[in-house]
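Below: one structure in structure tokens.
Letters are used for the chains, namely A, B, C, D and E, taken in the order the chains are written, and counting of residues starts over at 1 for each.
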Amino acid sequence: MTVAVDISHRLGAFTLDARFESAGRLTALFGPSGSGKTSLVNLIGGLLKPDRGRIAAEGRVFVDTAQKLFVPAHKRRIGYVFQEPRLFPHMSVRANLLYGRWFTPSAERYEDLDRVVDLLGIRHLLERRPSHLSGGEKQRVAIGRALLTSPRLLLMDEPLASLDDARKAEIMPYLERLRDETKIPIVYVSHSVSEVARLASDVVVLSHGKIVAFGPTGAIMQRLDLLPKESQGEGGTVLDMRVAGHDDEFEMTILRSTAGEIRVPRVDTAPGSAVRVRIRARDVMIATELPRGLSALNVLAGKVASIDTSDGATVEVRIDCNGEMVLSRITRQSMNALGLAVGLPVFAVIKTVAFDQENLSRTGALHDI
Amino acid sequence: MTVAVDISHRLGAFTLDARFESAGRLTALFGPSGSGKTSLVNLIGGLLKPDRGRIAAEGRVFVDTAQKLFVPAHKRRIGYVFQEPRLFPHMSVRANLLYGRWFTPSAERYEDLDRVVDLLGIRHLLERRPSHLSGGEKQRVAIGRALLTSPRLLLMDEPLASLDDARKAEIMPYLERLRDETKIPIVYVSHSVSEVARLASDVVVLSHGKIVAFGPTGAIMQRLDLLPKESQGEGGTVLDMRVAGHDDEFEMTILRSTAGEIRVPRVDTAPGSAVRVRIRARDVMIATELPRGLSALNVLAGKVASIDTSDGATVEVRIDCNGEMVLSRITRQSMNALGLAVGLPVFAVIKTVAFDQENLSRTGALHDI
Amino acid sequence: ADNVVVFAAASLKNALDAINGAWKADGHEPATISYAASSALAKQIEGGAPADVFISADLDWMKYLADKKLTKTDTEVQLLGNRIVLITGKDSSAATTIEPNFDLAKLVGDGKLAMADVKAVPAGKYGKAALEKLGVWSSVENKVAQAENVRAALKLVATGEAPLGIVYQTDAAADPEVKIIATFPQETHAPIIYPAAVLADSKNEDAAKFLDYLKSAKAKPLFEEQGFTVLVPAN
Amino acid sequence: MSWLQLSPEEWTAVRLSLKVATWAMIVSLPIGICVALLLARGKFWGKSLLNGIVHLPLILPPVVTGYLLLITFGRRGPIGAFLADNFGIVFSFRWTGAALACGVMGFPLMVRAIWLSIEAVDRKLEAAAGTLGANRAWVFFTVTLPLIMPGIIAGMILSFAKAMGEFGATITFVSNIPGETQTLPTAIYTFTQVPGGDIGALRLTLVSIVISMTALIASETFSRRLGKRLDLQ
Amino acid sequence: MSWLQLSPEEWTAVRLSLKVATWAMIVSLPIGICVALLLARGKFWGKSLLNGIVHLPLILPPVVTGYLLLITFGRRGPIGAFLADNFGIVFSFRWTGAALACGVMGFPLMVRAIWLSIEAVDRKLEAAAGTLGANRAWVFFTVTLPLIMPGIIAGMILSFAKAMGEFGATITFVSNIPGETQTLPTAIYTFTQVPGGDIGALRLTLVSIVISMTALIASETFSRRLGKRLDLQ
């Protein structure tokens, strides 16, 4: 069990009631502003003491009010990237970064300054004071500071919110490696569906202090109803596939799962390795005949499994591709024009470039058991 | 001229050199972390005094070092949403919100508490202290505080970064109205291509303290090279179209421009009104024959105008649709399979659901001249 | 008439408060009496203090004012006398007689001899003069602990900080924590005199009356009760 | 417990001490805030000098301070004469003089406390108020002043407490005139100067402690409540 | 300018005053920090009492404080006797006693300054240090202490300045023994008590001012430099 939480806690008029046990390696906390994400992370990190309940991570019990047990933050061996940077104003960036190292037994250090500094692109800032940094620079230093404690549990509260896409793209693979290779469990708060879809093994959806959904990323991402209306286009299918081979001429990689075969821009992993593919529902078209003369290379054959027409102009069609469900979001007009009905054999057509980096990620075993 | 900037300023080892004159109603500052966006906004807002140069907005000269002119911040009638919330800790949310009103002549007030509070969903927070708010709640209050000064120039430094999509979706149309109806010029810092594409009339692209590109949003968005590699999928075409009519049965709206006609989920505006449509390059497929039996409803006829093969697996194809350029990003493999070449007549195929709210926005006149 | 304002050395408080009570009982407006160090009072008078009568603890500060023509010299009177005594803690068995070259240093031993400031405070100045006269000053000079005023010196002995001290007889007699070993002979030091005078700027006709009252037979027992010697013959 | 009974004259001293301490505190407050602002924020020639002057009452023996007050603010002193002639403000041998002496003695303590609080203010908040349209005065009154309240309260209590205990400068400057300048500390002093006065001194000392403790606890309570209201932690 | 010439005895007083003020400041610093921490952060029974005791030297006339020191830390006093018997630490009539008196008189000023700084510390930074593995002591030494430096420096300078001027408690407690307990203020006092002593008092007062101003300016410079280094503004 990576993280097991069962607590209730009051903050003014707000009450947080959360109970979940995630075996996943990266548990995302997802929910609107004010839903209690930061509070939950603070409870796990030991900055808040719950009114009632129990929190454990990686077999270590952090809090158990029944047993009057409370492990103080400094004994939890966590790395916490706060929502605001919280850098030490009286120390240089370097001293900030190295702060936690004093307290990490050298045998347990797996991270070193050079590597983190290069990852975050902050080498030129090392001798500066935090007050002389830009917003995003501060945030990067805060990430570095948490990583350099070589934590046994990483808590990240919207760590990438103030960073540009290029930076995000550099940091995300690093987090994946941490998750998969170093096997550091991560609790990750984010508003971004694409971040969650890419990184999370499990998702906790919070609303008004309650957990409204909890499950593996794939399952949650298919439940577009959980997403705010405006992000529903971002939701969709998450398929865990394997590399079948590479096409060197066109720099493509061929992925395969029971759903079929798709071609994506080259992913640098050996054949056989696992890759997670996120297919946005809005990127999936439906064709009743095999398309010709069209630039979309990926076609998965299947049958309409269900049609959800709850929404006005658009409908959600679930296509059963050999046992794996692929979600598509099309207009009601198209549905009518194509005469879609449950059971109809169709093709799910996906543009290859829809699989840009943010939708492809190498994965190890995402769950511990 | 909405905003005219011609300054240079040093901050430690960093030098900002910026010169642009934007006639646009919303000028976006775009660039990686540490490129000087906040510094530039601080200069416009009067929090920094430039070493040299001149800043004017809406005909009012704020700074002119040659004439030793410096209008202090409190006389600039600006509303500034800072990158961090900067709320007054000793005041309730309500007092924070109303702070600027004292200083706004009542004849010039165009914003009122109720409206802003409802827009931002912060009514239940009015009596709280800032320290009892979540990150996103603070940010919303900060936005409200700036709006309630009824400013004549709005400066926003990543105002939506810590908000969830649902909130963003509520605030963005408001900003559009402000821009179009109240005609308040806005300077807007953002990392998000989709925010910029949707809101901006003009974009200033900064890098290392220098302006590397400046122009109307449409032009900048087509220059995918300016975007970080990871956001290139987000770039593409921005078309300013008009509502041709509504299709009530399927809750669709028909838009028209010289490029042709497209159908999008219903937009609530009268026929004839202007709508901006953002078409992500990665959402555009290319077909050599008119597709049939496919759920993509929008097909624009055109000719291949140019092909850019600089990138590995993907290519960018510019399609000339009756004079308007539509950008498409497809795989090199598809290009080969379709035998694309400059001058070839093709169809740009766009899924209708690609036009979700974030890609559609009502627009007034976006430039003042 | 307005109340008479009297500036008096702090050590006179008990006696003057009692006399002021009697003065009031005799149907006068009570005097307003400000008690402080003679030095402070003298400088305040110099600075324009609205005082009518000054009673100093020594002749020097009265002379200081007289030289500056701030007193009505014809009213100046040597009002009271006092004695200095050698004291010790009430449980001490120390005993000696004061005579030339008596072995004070031995009696003090490793401890200190508590005195008021020997340069500044009258009791200290008298004590030093007496010890010099008796030829023992140089042997105890570096064993002297000088206190801010004579009361503080008394405290040092009363609390056992210092085994011996030199203070006014008036103070020693009233403190049960100390006992008097011996009284310094009059001739070993200048006479200890509290002079009094009406001030030059005084416009209060009661001032002279109050001064006269201090010299009266009614005041005499009240001074003597506090251990002072009244130097003026009762009128 | 009859020895705890205060005589009418002692009651007068108690009332006077309260009056003197209160006025000393109140009058020095605005000046203290201005000087603290100048020292914390100002950049001007002679800043070190001002700093030094503010600290003088701390550095000098109180008797010297009192004496300096006497020769400058006394009836014959240059400032004292000027104020008396032109504004009818008289310090010498009045309770006002005692308040002046106490105010001056407590001034460095007050200034330091406020100064420290000013330095802890996040100037970004002031800048934010500026962008919202507040000019410097408004920024000061609506942002800076509320934020430095802890320092102001600390400064006030230090000034008040010091005034309750100030003796040397007061007795030297305005003497020890019952009903006019005899404050609690000077009354205590007088008791210590005569045989048998210890009881009286103890009695008045207790009164002084009770008053100051009350003020102290009230200020703490107020400060804490304010802190809660301000959420300054 | 021969009246500016210091006599050997006066030089001794100057040196002694420096020694006393320095020790008073240094020894009270750690205690002051602890007490300030307790007052700012602690929640315990008797906090108001502690607060009151800390402020006592301010509230009481210095002579009373001196007398209280005499009866507790004196040779026969409970603490004085204990320290003398067990550790050989003797205060009475020693310069150590003068340092004790000065330290005690400056203590409330020092504690208040540090207390104010502690209250201005952003506790979120301390919490952050905790998540990085620092226990309470480490957090204190690496985060809290550097951040309260302005208060510590202010407290030190207040304590030092007060010690340079303290007279009443010192002379009452340890008397005025040239070379052992005669500090500058007691020497000045002596001069003020004799007619014609004004010149001497003035001379020593000037010396006292020069020393304290030097300390003051040095502390400001240090503080400013530190502030720059800490970017605390």
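As a working rule, contacts are C-beta pairs under 8 Å (C-beta built on N, C-alpha and C of every residue); 3 or more make two chains touch, one makes a residue touch a chain.
On a predicted model such as this, the values are computed, not experimentally measured, just so you know.
Under the touch definition stated at the top, chain A and chain B share no contacting partner at all. By the document's definition of touch, common neighbours of chain A and chain D comprise B, E.
The mean-CA centres of chain A and chain C are about 90 angstrom from one another, to the nearest whole unit. Averaging C-alpha coordinates per chain places the centre of chain B 57 Å away from that of chain D. Chain D has its Cα centroid 34 Å from the Cα centroid of chain C. The geometric centre of chain D is 20 Å away from that of chain E, both derived from CA atoms.
With touch defined as above, residues shared between interfaces to two or more other chains in chain E number as follows: 63, 67, 168, 189, 192, 232.
For chain B, the set of residues that touch two or more other chains comprises 132. In chain C, no residue reaches two or more other chains under the touch definition. Chain pairs that touch one another are A-B, A-E, B-D, C-D, C-E, D-E.
Taken in their complex, chain C has these residues touching chain D: 5, 7, 10-14, 32-36, 40-41, 43-44, 47-50, 149, 151, 170-171, 173-175, 226.
If you check the complex, the residues on chain E that touch chain A are 124-125, 127-135, 138-139, 142-143, 146-147, 229-232.
Across the complex, chain D meets chain E through its residues 48, 51-52, 55-64, 67, 108-109, 112-113, 115-117, 119-120, 123, 150-151, 154, 158, 161-162, 164-168, 185, 188-189, 192, 201, 205, 208-209, 212-213, 216-217, 220, 227, 232-233.
Within the complex formed with chain A, the chain B residues making contact are 11-12, 31-34, 37-39, 83-84, 124, 128, 132-137, 139-140, 157-158, 161-169, 191, 193, 227-234, 247, 250-252, 263, 265-266, 282-283, 285-289, 291-297, 312-314, 328-338, 349, 351-354, 356-358. Residues of chain E touching chain C in their complex: 63, 67, 70-71, 74-77, 92-93, 168, 171-172, 174-177, 181, 189-195, 197.
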